[in-house]
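Shared chain: chain A. Partners: chain B in the first complex, chain C in the second.
Moving on, here comes the complex of A and B:
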């Protein structure tokens, strides 16, 4: 037993919670305990019951059976408001802030303090209290700053400050590190540790298992709506957790591939420059080769990809796809030349959320199904979309009447991949292809990448997970501030060296201002 | 005991939910508006027995036709999440431009070619204003609402101004018989206006359902970013929508002008509410991405039906407006409910 455990009651006890939706049981008796001052990691694949459990804890749904208690007292919230009053604070992945309001307005939006009964806000008090709260989360910003002008990590800290103001005893963090830079993650961990020392209990939900292992004392693994096991961090390893999550042991997370890059160059980029985005970038990707791009958040990774695909304008430089130079870069021209681009923003740029799977898949290449002047052969499109859906192992074969928004994250990503496979791309640019999807779906994405490469395609892989880049690439380029700072062949892959190259200073010195 | 209480409360809620689901299925049905039309007609028979006569239905049909043609264009524009307020100005300007060309008292042209040339010019006016709308929206990134509000004001005024050069009164008369015949001739008992409207409806339906442009229109309406990243020519698609809307408004202007036998700059003035209202009543979403020709047909039918019955009842104009306004508000509310709670197309 560990040291922070002083009280006789757990801070939060969840005992045998069951829940069904439309007759389908999604939780089969979930139980766990959270002690004051500890962080409990909650991991599991998408659909394992994490979100449902947390929604029950947060009062969004009510359980069918089982009981919960807080500090020994029965707890059965009927609404998120009640949960909040009981001391449960839920920090969602998509933050709940108003970008057009200031930090302090966001902090007190639900209960602006009034001055002695008159309906005017006590601005002076608000300002003082906001400063206190910001100091507690180490955020050195004026409370009047608009939330819209804050970085993602800063917004998250504002949310935590809001929870502190509400005097939260249990803080639920849902995927808190996915969209943060490394430095922001470090800061978040420091604050989590500080909250722990004050006796707050933290539930840390994440696909980033390294982060879970780093910050949590204990880890609970969920699978198919039940707890597979809970154990101390010291007694767990990453492979052990993964095999608990997927229910079978995984020999290798990254499937084997023994193809060698071919001779011909699929993508040739020369002296690509756009002020503030890319600085004299040159590199080649050969057919049958995976080139990984590694860099810190804000290094210009995604921006470089967007530049190559023609989404953003470039000042100078040349791009050749299979020997053909792109003259006026635009997505249309890039696609015609054989490029495909999986964007990191699946919801807003990758998919038509309100459209069917067929409509999403067909969108990139409707002309392939041309039947007469301007007409489209809907039947052929449906058939082909169905084949592609099977090829990427989509969870459903009802491709005509399933809307993209009703799919899980992993399956949505498969639809995006399928829509680009429709064009049989020569070069596939993948920007964060596995963000926010579970381990099983990740592996499927890896397999698709391997198959693409075996068939002679070239892949440009961008990922913030360095293990992923190292596991899949034949060669890794590092980028910092829009400049290529290193190139590593597979035989020379070394985590430390790659990270060092990604942080190597570039060009004319710029002062890093926080 | 708290949990078990919660469970029983939940059971109640679940029962309510299945009732709600049955209601939802009815509300979502494509033929909801048609069903409402039939229901409304049946309810009205005791109060307005004339509604059961052939003559009244012929009237309803002929009132529907020009409105339907304009609404077809508006449907396309709403699908791309736009709006076209300029249709009324297009109807007016096309009317007086066409009339000024073919009028037999001092028109630009005379002889058998005058009427076809005038009609071509009218369609050009529609396409031109549509092009201007499209360019302003795609190249200058202005919102469709502001652009078409501006063009409708500008060209609405221009139509009146233009009339002053060609007529001493507010309208241009003496249109050739060949043109006027569009308003009263028929082919095997079916008025030409009906033939034109049905043909236009079939063509627009074909474009939306069976062409690449149709898929692009829906995709752009659902999410222009995704469409652009997927290689859809977003600008061309938006332009096409506004040009089609403009041309359909001009086509409607031909029918209106022929029926009135005069070119007048105030022809379209009153119908903007009806156009957008009918399309929304039909079920086409103001949020973009969904809409069908058949929905619009039912929407137009419903609106004209209300109009006709209220007139037969002897209701005053403002009562008619109050009731139409309520129906349109209800339709917009329904659209929101469909989008938010049911999330189905």
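Moving on, here comes the complex of A and C:
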């Protein structure tokens, strides 16, 4: 473990920061300290004030009250630029890179070194400095490579290299692990640890509490715009953090389900094969059953779901929904047969951000509300949308005039779920249904899942959080490299065994995962 | 990616060049005058004004904006040159034209970058205003240029015709500006993602503003070169020049959505269009089919670009079992 070097002043001290937007107070005196060489985890539900606090720290907003200091000196940035000059680097969840430019151009886009007095870029210097910076973040790539050709984890390291170039003393990482593979996460942690040993202070904001506990020495929990508590990692546990976050103790994160799976098979997949994607996949899901699919990143989880739903072509195999075989799998045929598919990318595939909740729920299934040739029964649509909104516990019942973009991430997800529920699906494929939403909203999604299966629906649950799969499923299938490598009944659930099965080697030996 | 896909993509990528080759072969086989050095010199000279316009337009397109006023700027600065600068030496005339056109570009820049008016509407407005002023100062009559200007058409530097020199100078400066200066790289950044550029601390508004200034100044330059070639301008001068410029830039691979492309493409696009037009003249084709041929070329180029993007997107899908894919 890393030891924290205590100097006389904290690297960064935030003291009693308050902030209101349009007369609504969102921060009620946030205080915390960051010491050189430590990582401080900052956790809280969506809307707890993490983003506002960090935006104030990063110079995006100015506080109404309170004070901040860096190494004992007053710090009051008026713009992101000033924050950068003071040594604060903010790496947003949505990376601030330009895919059409090379790595080196991205590194120096704001302050290209010029050659002598002439206004030309000193390409030689840029190349050398870029190599140095990339070496510091262990990124072995040519600096001329286009950022658009990099993987997500590599792009994040480029952002960190950029912060190193700016000589950042405080590095704020906002949800840095969400879109990374496990291997990329390991690499990120190694770099974070290296930066800590150099005296850089890290603020690590994340919903992935395991990651926070893994990399941070201390954790600060925010709730409703105030700090609930700060403590050393050793003195905290996941349940303790979660109960601090939600303000009530959660004895069971995963709500109990009363019903058992029924006899009839809702989804039958046999010998599903598509070269390069899936090999001889067979399984059943019964009505009233939740089957979880567990696999590492890149194991082919989402790809399998896309094949089943007909989004990608398949070479051979059969798919039956409630006893009816899908002759020519396509999304349209799947939906008609009673399949629903919540994709992992709700922003791009699920929601119209500028449309109302009603429109988002009803638009893809307007024929249910036909009032005559070419006419829509708006009243019926509004009533049904309202019912669905209540069923998924949407935060607002103003379904006609609330736009999707004004909802929180968790509520947006509920709208997408409601949209599919309108079709009364027999089998619901959920791909990462709780990614990026807070603990409270997660629990509500879990309740919706329970309600679905209690009413006889079948759920195929894909999640990278193994706790989630174990907490909700009646049965777990493991997948690796597009092959099913294990099946576990609920009574035999065991974290290590499931993980081992998910890593079981498949395919030719040279391709086996280590 | 297997070898068949790779070849398809290479073919699609090379499509504009193959198109160029096809045009050369078709017209070359129809007329023995077409494939000659004299004719190619002629093509470059004829293409010079559109090439210069397209180079300026590239700057604006790279920032994901559009400039519809370049034809009007050509006409208005042409009127200023012909009506008020008849007696001055041509370098003074050129300087005044460049300053005036840069100022007109600056008006566009202020409207778009600082007042936040959509560039399509803002430059449509300056198009009508510019043409209106030009028509009122010239009383819509023809404006003639003095011998001092028109003689430039026959001038040459080391035996290279002046129009070609003008294109070469503009091209080299524009290329260096885009590729070798911080400003140029920042133009690409702003065009890719305006918000991200602002967040990164780039002066996005100023960059967009200067791209309009450059586009305006090069419209003046293009007008000047074309004035030397035609000797007199009428109220229809420069009409639809903006569309030729946009077509040339897009044909050369510059995206209308910003961030992708460059001035090499603009030059190539202008030459491609002019080569086809020249070929049609040489084989004595019906003049009414010229626009149809130009339109056909543009449609092919854009369709091929779309096809290529979609194919690349499909191929970038990750395979879980890569050993099964040859």
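Methods note: the second predicted complex is superposed on the first by the 503 of 514 C-alpha atoms of A that agree within 3 Å, B and C clash if a C-alpha of one lies under 4 Å from a C-alpha of the other, contacts with A are read in each partner's own complex, and residues count from 1 in each chain.
Here, a contact is a pair of C-beta atoms (placed from the backbone, for glycine too) under 8 Å apart; a residue touches a chain by one contact, two chains touch by 3 or more.
A quick note: this is a predicted structure, and the numbers were derived from the prediction, not measured.
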Touching partner for A:98 - first (chain B), second (chain C), both, neither: second
Chain B versus chain C as contact partner of A:303, first or second or both or neither: second
First, second, both or neither for A:67, with chain B first and chain C second: first
Touched partner set for A:482, first chain B, second chain C, both or neither: second
Chain B versus chain C as contact partner of A:278, first or second or both or neither: second
Which of chain B and chain C A:81 touches, first, second, both or neither: second
Footprint of chain A on chain C - complex, ascending: 176, 180-183, 185-186, 188-189, 191-193, 196-197, 199-202, 259-260, 318-325
Chain B-facing residues of chain A, complex: 62-67, 74, 76, 78, 311, 331-332, 335, 341, 343, 348-355, 359, 362-364, 366-367, 370, 374-376, 378, 403, 405, 419
Residues on chain B engaged by chain A in the complex (per definition of touch): 2-3, 6-7, 9-10, 210-216, 218-219, 222-223, 225-233, 289-290, 343-345
Touching residues on chain A, where the partner in the complex is chain C: 80-81, 84, 92, 96-101, 105, 109-110, 112, 114, 119-121, 123, 275-279, 298-300, 303, 481-482, 507-508, 510-511
